[in-house]
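Letters A, B, C and D mark the chains in the order given here, with residues in each chain numbered from 1 onward.
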């Protein structure tokens, strides 16, 4: 399994990532997730977002999640890209792509990685509202709950 | 929900499709699947593939699958592109993309649409082997079985 | 008159993708199959009477007991293998 | 000497993202929290003693009873909200 974890401010190109994920001649299926910044949250308009992370641990925690996915499903390639720094509404925030021989492994691993990334990887979002005030986004209980279905 | 179904020989650009799927300002999640042509199947090298379909019914059956997905999950956008005609190993064959406010709806609907497309949409693959002989691909029992989990 | 379509393996087996059939009265999918096999012979039996042969009437999946009326488009094809 | 890091809301609350702490002997996560709160006061209690405060030792999730040794990197942060 080939894996790649990138944490940076720059945007990413989904076509390029898809091509790279499919580059093994055994790859028949690529499942991909892209998280996008919305322009409101919890009833307020949001005009910008600042994404903070814990350099080093972020990469380690994502690599650990990818390894756990790879022990559960036969994977050929995994790419995780997470942007940090200042982002505006409509921006792509996160990319998780998984290549596999067959689609069920690709889908399951892609969703598994997103679910664990949401609850383990040390990123924090701070929103800027239209009145200029800022607030740290609260973690969602539903994200912790969604891990339940991966219990073995 | 905005939906788009395209059946054609030309390739597609995953980045463009992703951008279009995310264009609603309520969209926070885009799940995408890309099926890729492998260079062997059932123990033989495959050098080319010819994809036949039933024009008219193909579009209808995919639109019906999308509508069923939309009654089960709150979706913002769905795009299905399926290539037909002659394809070579490594080629992208099918694209299914779903935009939604939250990721679970996007993932579930994307996989649901692929599972039903595999068993209902009238496409047929004919493989050309390296010795020049041709064969129609047989349907997989596993594809019919995978519908079981969508039973309500 | 109805239009009858054949796809993929069946199109090749029968050597044709499309034909028209004169309909004297409303019939069923099973009746149409039997009539075509009776007129056509072995290859037609292989295509139309296989356990997993699918039929669509006016581009909607249909079964042996379903009715076919004048003007309908009827298609016979093997299990699908797209995606 | 250990390195202690604070992120996000806690970094802002404490007004610092990083500090070093002299370690006289091997200690636990809970001991370190209590020591920092005792020296620092209310804000430190809010950050370090909240029910959902997370701790990582050498970039791996750690819990109150886990040991901290000289040279370790210890981080305190609120629940994560990436993705």
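Keep in mind that, in the parts below, a residue touches a chain if its C-beta (ideal position, glycine included) is under 8 Å from a C-beta of that chain, and two chains touch if they have at least 3 such contacts.
Given the structure is predicted, the values throughout are model-derived calculations rather than measurements.
Shared contacts of chain A and chain D, meaning chains that touch the two of them, come down to nothing at all.
Placing every chain at the mean of its C-alpha atoms, the farthest one from chain B is found to be D. Separating the centre of chain B from that of chain C, both taken as means of CA atoms, is a distance of 26 Å.
Between the Cα centres of chain C and chain D there is a gap of 73 Å. Here the CA centre of chain A is 23 Å from the CA centre of chain B.
Centroids built from CA atoms put chain C at 48 Å from chain A. Along chain B, residues 35, 114 each make contact with two or more other chains. Contact between chains, per the stated criterion, is found for A-B, A-D, B-C. Residue ranges of chain A in contact with chain B, taken from their complex: 13-16, 18, 22, 25-39, 89-90, 92, 101, 103-104, 106-107, 110-111, 114, 146.
By the touch rule above, chain B contacts chain C in their complex via residues 35, 51-54, 56-57, 60-61, 82, 93-94, 114, 117-126, 136-139. Residues 5, 7-9, 11, 52, 56, 59-61, 75, 77-83 of chain D are the ones touching chain A in the complex.
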